[in-house]
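Pasting the structures in now, so scroll down.
Two complexes, one shared chain (chain A), two partners (chain B, chain C).
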Partner chain A sequence: MSRLPLLDLARPSRRHWLGYLLLAPAVVLIALIIIYPLIVSFDISFQKVDIVRLDRRAPFTLANYQQLFGSAEFWMSCWVTLKLVVVVTACCVALGLATALLVNNRFRGRTVARLLVALPWAVPEIIAVVIFAWIFDSSFGLMNWLFFRLGLINETINWFSDPNAAFVAVVVTMVWKGYPFVSIMALAGLQSIPEDYYNAARVDGANAWNRFTNITIPSLMPVLGVTMVLVLLWVFRDFSIINVMTGGGPLKSTQTLSIMTYEHAFGFFKMGYASAVGVVTLIFCVLASLLMIGRKADGIY
Partner chain B sequence: MTRRRLNIVLIYAGVVLTCAILLFPIYWLVVTALSKPIDLRVLPPNFWPEVPQWQVFGKVLGDRPLLLWLGNSTLAAAGAVTLSMSVSIFAGYSLSRFRVRGGQSLGLFILTAKMLPATLLVIPLFGIFRSVGLVGSLWSVILAQATLIVPFTTWMLKGYFDTIPRELEQAAMVDGCSPLGALFRVILPVATPGLAATCLYGFVLSWSEYAYARTFLTSAQGNWTANLGLTTMKGEYVSDWNEISAAAIMVAIPVLLIYLFLERYLVSGLTAGAEK
Partner chain C sequence: MFEGLSRARGGLRKAGLALALSTALVAGALSPMLAAAQETTLKFVSWQNDEPGVGGWWAGLIEEFKAQHPGVEVEWTKVERAAFADTMTTLFAGGSPPDIVHLASFEFQRFANEGWLEDLGPWFDKGGVSLDGWAGQQICELNGETVCVMMLYFGYIMAYNEAILNAEGLSAPTNYAELLEVARKTTKDLNGDGIIDQYGLHHPTKVGGGQYVTEMLNYVLDAGGRWTNAEGQVTIDTPEVIEGLTRWKTIVTEGLMPRDLSSGETRQLLADGKIAVGLDGPWLVPILANGAASDDVKIVADPLSPPVGGSSNVLGMSKDISDEHKALVWDFIQLAMSDDFQSSYATLAASPAPSPRADITEATAVTPEFGLLVEGAQAASAEGIDRIPAGLEIQYNEFAKMVMEESQRMIIEDLDPAAVAATMQALAEDLQNQ
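And then the complex of A and B:
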């Protein structure tokens, strides 16, 4: 390095023009398709508009937010979102961690097993919905038949017209689609734990359970924390699974804030109001992830 | 040693059982596609079709514009990936090699941009595309999907460039390459596997995207993507589950193939920037 100071890319004079130039196309694109739209949506959330128009502004008003915080539908959607986020995230982490621990064992064929365990990750969300919509079909679906055989029910469940059943169907679909992400991440985390830790613990006479609780879990916490935030945000933002599976119904029992935003924007064409819902959703997203990341950081340091 | 054998047996039993349960939905999709419609309306269900109905794939391709939909999805993905890569290569390289003022915060912004709810962005994007007459055109989907893909590709490429030693460019520059020349003639050729993996990852994101396609393309049937077309099949009054399943399999196959190929890059792609 010291022999070739002229060519050090981090040298001050190199920092300037080329670094900026290389970033410029990305900055322009992001400004156009992310930042400008974000500003527009904040802007119209303070206007009474039906369909977004860029050439004409309606007067500033807080009416959308007043209407929002006064509406039972909004609080209902908050509750549905919270329930869904907690249940799906918890199940994804539990299932993902369990599968990762299972295929992290040494056995022949574990490369294939790892591939298979994470396979649902590669199934597009819409196709997962097609699969589970059929499994939860009320007349000839497998789920009703299985529940019958197990003696859990006496009459068929109409999965998509019963509010609680529809919620369960959405949860199952999302967990199936979401857990592989946790197992992929957890597996990467497990493999980065040095074997020496376990050997040292064995020498000290720690049994398998002790090794798990004192080495595996603490070493995995940072990875699991980040993963949990990412899963949580995925559930928070999901549109395709719920929209195609239930459309938010029945009786808005699966209408999360994302679905509510979309419904008001493109179902009722109240885009000003919908943007207000969307902005509040975004704020919740940011708060939730900050909270999680903050707690995680406390845990490590 | 018997305890060890018992362990191995337990592990195998666990793995087989877990895979069987978790992969059953995929198996069931295939069985449904290959069953006669009449066999799907009986209980108990048939877990294996007596005579697999392979012709269902031909029937779906003949009855529905599925090839058109798949073509549109391919076009949209090609466009979105090309657009995203053409800015991400430079941005990723800059983030990896240069200490630009504001570069770190820009990188973090790009990282958080992938967490934005599509349902919020889709409203202003609809207004913007409507005012320039893009609603209904594949370009609207290409541009909107870039909001999802650019964050991933930029961070994945940054991570990939980080693994390439700086001495390579320095050697090239000693030999008289300009810094840009070094990027094109030395770094990009070395990074080809990473570039390919990143492209494929972007392809998967675009192929699986639904919200933007549904919003911008619903009224333009000729431009429907595969996902959008598939959901219209599901919405029909009488659902022929064997045909829907067959169509779903054909839509899923490109992504599944990419997954098998990409598996070893997957972790780096998913964790790209996650440590930050």
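And then the complex of A and C:
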């Protein structure tokens, strides 16, 4: 021990070293799996290359970014991504909060109701997409049949051939898949609000709406804030739902930045350009997360 | 004495342990070398492992190759078609390419362009292998090199449901006008609920640009049009292509086919009697045979002329592998090209084999329509038809996506086909000049 004083992890001043040592394998692994590809991707985005070869490097260029910012397709994808993020996140939060409030009440069959609310979260994404692709099928799907029966339409809607209809189909599928997460998180948050708050408010004459806006929502905001960030990032980066249902079409009406990145990388084999799209997408994601997480939870009281 | 004996036992135990350890270490170090000496492994990645017919053919080929090359193993890995190009790109770019390269005919050009595929020309010369009459082989000639061997060149045939046509007093169409009439009369709401439940035509349009453009090509070719000419110049703004676009617009806007379905779904609908007529490749035959309406579905020659035809998939060799592996891969390719395996390809895959020397007697006995499949391939080949337009091979995926989107725009915004053709012409030329 005396020969190796530096390794004396029992000394109070060096106790935290053990923590770093234990964390080191995980940090190295994350660096290899996440950080290294990010650096490589960043590097490739400054090279005009089609298929990437790690054994060669093309000259540094800003051509990919110049092409990107001058491309109508890129701005269209940004707009579609923004629309999708706003609409899906808002719907997920509204529906998730509503169902959480519902199943937070005491009633017969509450356990079954909670199970049903959480069920879509448990269904694998690809299975959900296949189910919804059939529901929205233009020729033989359930949705057209239902709308016909209800007298809402006179001719079938081509769900995946019409830009607006395709966007709606994608939104509905994403909301169905995403709202249970909000619901589960909000339910956990609701159960942590002390009943005393409500009792005191009742004594003060607050009605249900007052209690909801002045107690429930503020108390839930820390939970909802984090949940919204997670939902937002999920919508931002989700690929499989859109790729299977519409492939980004028709006329790029559902082409998000994720789909654009994939298509240019593995459809057109333009890795340099695709990396530039990926880097910009990453920056957007980081900015969005900072905006959401940066808010002080107690600032709402 | 006991102490001495005990010490001696301890020494023996230590010596035994040391011996065992050193034996294990030496064996451990030598075993990979011994295994390497005994067994060479060729990596082969494909998407056809489980495909009915053709999967069995590949399995038989591998077994025979292994029997002819004791000590050589073929590591045959399946990758789904949807992820195939991504996976192969990653394998090549990461420096661990498969030895035997299997690619679709619309994607091999990218790999060849990167210099990843061996020029097979010298191997053919050395082996004295003749490629005369090998269907679609000219597609594998790229930048003066033979970068692959064509494994399937097909031509379209027509399948029609005789019962559906008879119910309308129609017979099998023999040209575009009759095909349109059949499609219009057989697209029906059978139960009166306001929703069409029987369609006239089968055109899968969900899979992606490549499939969409191939479906359009039926009408473009019959109208006398081509996306590009033999010299690779874009010829989309010609009256013939405009006529082809007009026909496509008619069929889609009149709702004569189910919209936004994949090829698997539309083929099953045709096989089950929900679609009257289908224009498709040889792979349709086994699907129809297992459908609910198998007794009613008949196969005849494609009424559109020339029929859609083209290359499907190719076999090649990685450039960045050892000479020993290259020699083995060449043996594998030669075996795949042998008369025996070309004949069994026709039988098992129920598709025309590219080799002119393939014996199709057994295939014809197993699949009565086989003669029609061969005629379809020959008719397309005679006109030099390929799904991949000359001069746009490298940019094919972008080209297909562009044509699909502009066609969708034509339908959604009800645009004039001539104006759409002009837009496509300009965009295709831009792609060529990139």
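To be clear about the criterion, the second predicted complex is superposed on the first by the 277 of 301 C-alpha atoms of A that agree within 3 Å, B and C clash if a C-alpha of one lies under 4 Å from a C-alpha of the other, contacts with A are read in each partner's own complex, and residues count from 1 in each chain.
In this section, a residue touches a chain if its C-beta (ideal position, glycine included) is under 8 Å from a C-beta of that chain, and two chains touch if they have at least 3 such contacts.
Fair warning: this is a prediction, and the values are worked out from it, not measured in the lab.
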With the two complexes overlaid on their shared chain, look at chain A and say whether chain B and chain C clash or fit.
clash
Touching partner for A:Trp75 - first (chain B), second (chain C), both, neither:
neither
Thinking of the overlay built on chain A, is A:Leu230 touched by chain B (first), by chain C (second), by both, or by neither?
first
Touching A:Met185, do we find chain B (first), chain C (second), both, or neither?
first
I'd like to know which partner A:Phe212 touches here: chain B for first, chain C for second, both or neither.
neither
Going by the contact rule set out at the top, does A:Leu251 touch chain B (first), chain C (second), both, or neither?
second
Between chain B and chain C, more extensive residue contact with chain A
B
Which of chain B and chain C A:Phe60 touches, first, second, both or neither:
neither
Have a look at where A:Ile51 lands relative to chain B and chain C in the superposition and call it first, second, both or neither.
both
Looking at the overlay, does A:Pro163 come into contact with chain B only (first), chain C only (second), both, or neither?
second
Tell me which region of chain B runs into chain C after superposition, given the options 148-156, 184-192 or 220-228.
220-228
Interface residues of chain A shared between complexes with chain B and chain C:
51-55, 137, 139-140, 145, 265-266
List the residues on chain A that touch chain C in their complex, please.
50-55, 137-140, 144-145, 148, 154-156, 158-163, 247, 249-252, 263, 265-269
Chain A partner contacts - residues on chain C that touch it in the complex:
85-86, 89, 92-95, 110, 114, 193-197, 199, 206, 208, 258-261, 397-398, 401, 404-405, 408-409, 411-412
In the complex with chain B, residue positions of chain A that touch it
4, 7-10, 14-15, 18-20, 22-23, 25-27, 29-30, 33-34, 36-38, 40-41, 44, 51-55, 99, 102-103, 105, 107, 110, 113, 115-135, 137, 139-140, 142, 145, 149, 176, 181, 184-185, 187-188, 226-227, 230, 233, 236-237, 239-240, 243-244, 258-259, 261-262, 265-266, 271, 274-275, 278-279, 281-282, 285, 289
Which residues of chain B touch chain A in the complex?
8, 11-12, 14-15, 18-19, 22-23, 25-26, 28-29, 32, 40-45, 83, 86-88, 90-91, 93-95, 97-101, 103, 106, 109-110, 113, 115-128, 130-131, 143-144, 146-147, 150, 154, 166, 169-170, 173-174, 179-180, 204, 207-208, 210-211, 214-215, 227, 230-231, 234, 241, 244-245, 248, 251-252, 255-256, 258-260, 263, 266-267, 270-271, 274-275
